[in-house]
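Look for chain A in each of the two complexes below; its partner is chain B in the first and chain C in the second.
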Partner chain A sequence: MFEARLTNGSILKKLLEALKDLVTDANIDCSEEGLSIQAMDSSHVSLCAVALRSDGFDHFRCDRNISLGFNSQNLGKILKCADNTDMITLKAEDSADNLTLMFESKNQDRISDFELKLMDIDADHLGIPDTEYKTTIRMPSNEFKRIITDLQVLGDTCTIAVTKEGVRFSVTGDLGTGNVLVRSTNGVDKEEEEAVVIDMEEPVELTFALRYLNFFTKATNLGPSVVISMSPDVPVVVEYPIEQIGHIKYYLAPKIDDAEE
Partner chain B sequence: MSAPPTPSITKIGTDSVRQIVAGQVVVDLAGAVKELLENALDSGAKSIKINLHNQGLDMIEVIDDGSGVPPSDRPLLCEKHATSKLQNFDDLYSDGAEGLTTLGFRGEALFSLAQLSDGMIFMTKVKEEAIGQRVEFGRDGIVIPEKTGKVARSTGTTAQVLHLFAALPVRRVDLQRRIKSQRVKLFRMLQAYAITCVGVKLAVCDVKVVKGKNGKPDNTKSETKLNTGKSTRVQQTVTSVLGTKFLSGMCEFELSLDDAIKKARGGISGMSGFGVKGLISRAPTGELSISAARDLQFFSVNGRPVDIPNFTKAISDAWRNFDSTGKKPAVVLDVKLPNSMFDVNLSPDKREVFMADEAAFCDVLRQKLVEFWGGSDGRFVSNEVEEMSMKAKPALSMSKSKPAARPLAKRVPDPMPPKRKAPPTPSEEDLEQEQEATAPKKRKEAPSGEVTQRGVQPGAASIPAPKASQEDLQAWRKVAKDFNKKDSNSMEGEGEEEEEEEKEKEEKGKDKSSLTSQFLAFKQKVKNPSAGKDNDDDEDEDDDDELPKTKPTPKPTPKPIQKAPAPATAPARTSLPAHTAPPTQTQSQSPPKPPTPPKDTTFASFSSTDFVISSSQLAIRQSKDRKKMLQSIQKTNSQEAAENDFECEPGDRAKANNKVAQLQKRDFGDMEIIGQFNLGFILAKDNRNQNLWILDQHGCDEKFNFERMITSTVIHEQRLIAPLSLELSPSEEDCVLENMEMFEANGFRFSYDETKPPRQRLALTALPHSGSGGDGKRAVQFGPDDVGALCNLLGAHGASSVAGLTAGTGTGADGSGMFGNNAVRRHAGGTSATQTQGKVQAIVRLPKAVAMFASRSCRHSIMIGTALSVSQMSSIVTKLVDLEQPWNCPHGRPTLKHVSRLLDTLLDDEEVLQEIWTPTGESLSQLS
Partner chain C sequence: MGIKNLNKLLSEEAPECMKMSPLKALNGRKIAIDASMSIYQFLIAVRQGGDANVHQQLTNEAGETTSHIQGMFNRTVRFLLEGIKPVYVFDGKPPSLKSGELLKRREKRAKAEADLKTAKEAGDAEEENKQNKRLVRAGTKENDDCKKLLRLMGCPVVEAPCEAEAQCAALCKQGKVYASATEDMDCLTFATPVLLRKMTFAKDAKSEIQVLEYAKAVKALNLTHDEFVDLCIMLGCDYCDSIGGVGPVTALKLIREHKCIENVLKWIKREGKKFKVPDSWLSKEEKEEEGEEEKKEGEEEKVEDEKVSEEKVSEEKPSAEADAENKSEDANTTTTTTTTTTTASAKPPSTTSSTSTVTPPKTTGAVKINMSEPVYIGARRLFKNHEVLEDQTLTWKECDGPGLTKFLVDEMGFNPDRIASGIDKIKKAYKTNSKPQMRMDSFFTVKKAPNADLLQKKRQAEKDKKKKGGNKKQKKGSFSRR
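Moving on, here comes the complex of A and B:
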């Protein structure tokens, strides 16, 4: 028996928004610690990992570990039926074919429940190696989203270079080139959410496909800030912390260095 | 287990051997007919008739008019391994006089047929005999003496096979059950022979027995399935088998293999004249290209129809450089090789052939084809005035009330309602004046659009322009004739320029008579479109019969045009160095204060507004150049005419109408923009051949963008977060390993794990992608499926490609050095793709990548419905010059179409001049 109730149902809604463009099918792995989703996009280019701790839920019960395979489009459709203010309860029997979703409106005047048929997905679970990243950038997620959207106009790959100066996002394309430099706000008096914090061991410069970075920014609504961790030749991690409950992390391999050719 | 005491290996009895061998030689209906047909051909027959009784089940009969079988040979006809065609095995590969020249040589065919059927009957007569002999053989191949007798027939042989496969019940039943597909195969084979055997009349008939009713005796009914006439060239056989439409899409191709042979033999050859010759699809550069299914590829080696898969592959490889639609070219090729260079003794049906150094031949062929197709021009169905004029008439009357087409530029108010008699009508007076002045009607040097004045005061502006009224017509003709007789003067009627003209006149005098006759003849031709060219002689006194069959092209302005002091509105159709005026200007001028009634100044609707003739000055200055130019055009055209003639089968009228307008890529640079039509099309005239073209503004721009993108777009290689293991079929896996460079060039990377079970050893580590999704370029991510697609492409044509694989990877035209650039075929043309091994190998591109570029370029291009300025239009047209293949948009639609041949128009009398407009308008609106 698995049961989890989340007062702030909008988190689930936003989570699905963040997933559904990238991932078609995925498993929700339920354990006593909480829920986790790990999935790759269909072409195995990027990886997306979601973790929601059990203590973030208002009620959480998971008797034994189960995997709930879902189609993200379909789950998204059902979650669309929930209001942002609704409380959402997820329920599943231990060997169930269905996931029950119950939406309760704030003043309890409407209760709807839906059942989603589950699928059998044999996804290989990737062990993500613990990596010490050379640089970590924390910045407002809106800012990140805006940069990515802007740069997309010019080209299809984006170079992220972290130096002492700050983080430079640059793009080259048919129309021309573009550069956005984001400076660290260390020492400047700012709200924590709006701060740009750069934690750098050594300068790193990597190039990524904007298309995927753009997919990642779909998670912008989940949290006010984004944490980008990079090391040379390792996939970048774009993490959106979700308040009090967990995070969603995206992994993307950098473009192979041009020098190789 | 102990071995049995009796020997387990014994010799098979002779009879059994015979049957076993025979069963292998003839396996189906097509094979049986083929053997008889080849015998007939080998006997030197010029006319062969094949009768299939009851679809070939009851009897196959092949009647030829060859040499016949000499009496001494007759008993041996069905003896096994007996043949008149080969003495020694070595002859098979001998180049000398004793070398094999016949199709058959195994000495098995008749024997096998006799073995497998209910027996064979021959009726044959050689020249020396007075009367033919009938010989019948039993299943054992022995003559049945009691059935031998005299028979009446002319020199030649009739061979009959009774009940094919009667000796093998299983095969017989199978034959009966699948007779339909067997016959399909048979006819495909017969097609090949019919095409290959030039000079032989081949007829195939189905003979059915019709049961006699009411006690009447049974009748046979014969139905001809295939019939080729007398032929001297392969074009003729192709026409009679596949039709003129097929032929019109083909052009001649010839390739000498002498060098390749010489090389293969280590430098000594001593022989020449070997090579590949035949017909092949035109480059896919226009609507006249025919591409076809694979079974429309006919190969033969020394006249023997065979399959040469490697040639097919080489041709497809070359074709892929130019074709984006995935069709295959049609081919009719005969390979001429010395006997020592090939081997057909591979299979009993001799369809297979090995060639020494086949790979080298393929390379030569591929290279040559790339050049051949790369250099070819666009060819379009010429929109013939003659043809159209018939239809035009009803349309004309309609246009009275309603413009046939919308005015070109909407901004310009249509000055008048279009008139049926749109062209300015000369008044009778004017005509008289003209006659007095003996103004030449047809003037070779009259610059188009030029305002010619003949005997009319400047400014008074008579306009005996194209005009439809009957009286005028007559007057015109008269004038024209008068002119001829009088050898009149001045072509270039500008009053002010008279002196100059005097000089010119002298020059022109020489040309004049022939010109005159041409003109008259042409005129006549136009009047009698149906009569075609034959009636040149009928009417005109001056006709000297020298007319080229396509239009002779002195290009006179057929109609004098109003001379106005200022640049006048010209009824400029055609000829004019159409200086398109900005609409505003046009506007100011187009409601002319004309000497002629206003209604007459307007041309059929859309023509009216956009043409402004140049000032007369300019026109005159141009006239001299023009004269030269016209002469050269005339020359070209007569060459063209010759070419067309060559394609026309005698008496093939349909073909004759199907004229071809040619356009070379460089002509795009020299096009005059006439205007925009319907906010979607550009009307332009090419200055070399004086053809009027209509170009799809979107398609042209799209193609330009497409080719630009293909060379400049970087296809990125994206490493995967985790290897994506693939499940490939063993052949696909092999293909990937074999063609690893090609995959890497396309942006795929693989890892190979030997420890895994086969078929799962490969995993993708990187995939190509392009675009970002945010800027209107739809992002495209290539996936594992595309590996399969690429395997298919490579697999289908691959195999030999390993050596040429490096082509393309190093030659990134954009210098960006991205692997991904090569995902799409290199736009370097054939020669620059030539690699060290001399292989020309286009990079195999992913269909998805092509589709991606096509859709992107479409989105970035000027859309239909956009009003364009002259300079915009001109830049669109000019950009086409540098394109590799400007004839089709990336989706395969044509970018331009032929509207009319202005030279013809210029030559013509006013009847046609008037008529031309409506067809034009019609075809334009169809286009839109």
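Moving on, here comes the complex of A and C:
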């Protein structure tokens, strides 16, 4: 038996919005610790990992570890039926073929329940080691979204370079070139949410497909800030912390200069 | 062609080694493609003419066939656009052990020729199309055309010293490419780590590719590589006959029990089982012995023979069904880009054992079989130590636009606009590939999914259920017959 209730149901709604363009099918892996989702896009270029801790839920019960395989478009459709203020309860039997979603409005005057047919998904699961990154950038998620949207006008590949000066996002395309430099706000008196904090051990420069970065910014509504971690020659991590409950992390493999040819 | 019923056996006994995957998932991969197989597919499938007419291969003004060039060009452009780097591998000389198989194919060819004649006289267009396809041959010219085309497109071409499948598998094992792409199941017997099938998609259809993983297959079957090779030989390969009365299920059981063909043969002899071991499988001494025994047991054998034939019939049935399935599946996938094909009769040579069309370009007539050793030992040697090229360097170059235009438009009479747009696409693909997108799995290792064990249990349960259901049906059937 698995049951989880979340008073702030909008988190689940936003989470699906953040997933559904990138990932078609995925498993929700449920355990005593909480919920987790790991899935790759169809080209296996990026990976998305969601973790929601059990203590972040208002009620959480998971007797046996289960995996609930869902189609993200379909789950998204059902979650659209919930209001932003609704309380959402997820329920599934241990060997169930269905996931029950119950939406209760704030003053308990409307209770709706939906059942989603589950599917068996055996996708590759990747083991992601805990690594120390050479640079981490914490910035407002809105700001990051804006930069990515702006740069997409000019081209499809973007270079992110972190130096002492700040973070430089640059793009080159048929139209011309574009650069956005974001400086650290250290020392400037600002709200924590609006601050840009750059933690740099050594300079890093990597190139990415803007298409995928744009998919990542669909998670902007989940939190006010985003944390970008980079090291040379490894995938970038774009993390959106979700309130008190967990996070959604996106990994994107860089584009590299082909050395062998 | 290939290993008889191996695909079916794997889908039943080791479903976890097979996966359907979209073409996109191969983005950034290098893939060795069995070119000879592809050329046949194009020669058969790329034709014009409506349903009721006799179909014609595409030709240029001089009357030379261009179906294969058209097909090869379009498919390669598509691969490049998807970020796939193809290496084409061509067949060399066929191994001498294959001569028996080749002889059979030639016989079938002769039969097809005769059937074609009757069909023509009867005016049966459908039958004529069918037989026409059976007569397709890829000769040296077709192979050379494709090699020239591919070199102009900037794709590496490898000429295998012997069978192309073996070379593909070798490239894959050396880590030069990610996977081998062919319909031929014996590529798996050559232990290619990854085998891709059904890469014969229509341009915008959502058709998926079948991905087979060798390591998972042998693990699920619980066999070693040696045992797997012996299993394939018992199932029936291109290089020798197989034991009569032994179907896929029995073959797997016997190999699991006795580990190798030698032991299986000993067991058959010891237990006096009613399987028909072909003469070529016996060593010299055994043959002599057998001769004496036969005289003695003349009477008994007659009875046994009947049993064997009964068994054969029951075992052939499922395979015929499988073939029919394959046909319909392939019919869907072979409708290639520009030309119409009659779906009902379109079938690539690979999957059906009845097609005679596949003959490697050069058929060396000389039959050199070492008569003193049983033939399966030779087959085993071929599977384990095939003659392949080592140290191939594969480079993808920029395509030669003017060269392509000259070859395709001036010599082969293709539409200049279409070729120009194709060349644009290749150039664009080359540009994006010069700064290739890395894949997630090149950084993080694949590990078992949390739900893997559960899924396997569930599948096993379903399989058992099916088996039970099947038995019930049979019982019912026999009841009603009474």
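Here is the rule we use: the second predicted complex is superposed on the first by the 257 of 261 C-alpha atoms of A that agree within 3 Å, B and C clash if a C-alpha of one lies under 4 Å from a C-alpha of the other, contacts with A are read in each partner's own complex, and residues count from 1 in each chain.
By our rule, contacts are C-beta pairs under 8 Å (C-beta built on N, C-alpha and C of every residue); 3 or more make two chains touch, one makes a residue touch a chain.
In this text, all values refer to a predicted model and were calculated from it rather than measured experimentally.
When the shared chain is aligned, chain C comes close enough to touch A:234, but chain B does not. Judged by the touch definition given at the top, the superposed model places A:223 against neither chain B nor chain C.
In the overlay built on the shared chain, the residue A:254 is in contact with chain B and with chain C. In the superposition on chain A, contact of A:209 is made with both chain B and chain C. Of the two partner chains, chain C is the only one that A:123 touches; chain B does not reach it. Shared-chain residue A:34: touches no atom of chain B or chain C. Applying the stated contact rule after C-alpha superposition, one finds that A:45 touches each of chain B and chain C.
Looking at the shared chain after the overlay, A:153 reaches chain B, while chain C stays out of its contact range. Residue contacts after overlaying the shared chain place A:9 against neither chain B nor chain C. Within chain A, the residues touching chain B in one complex and chain C in the other are 40, 42-47, 124, 126, 157, 209, 235, 251, 253-256, 258, 261.
On the side of chain A, the complex with chain B involves touching residues 40, 42-47, 124, 126, 148-149, 152-157, 174, 209-212, 214, 235, 251-256, 258, 261. Against chain A, the residues of chain B that register as touching in their complex are 712, 714, 716-724, 764, 766-767, 769-775, 777, 779, 781-784, 817-819.
Interface residues of chain C, counted against chain A in their complex, comprise 16, 19, 22, 24-25, 27-28, 83, 395-396, 433-452, 454-455, 458. Per the touch definition, chain A reaches chain C in the complex via residues 27, 29, 40, 42-47, 65-67, 69, 120-129, 157, 207, 209, 234-235, 251, 253-258, 261.
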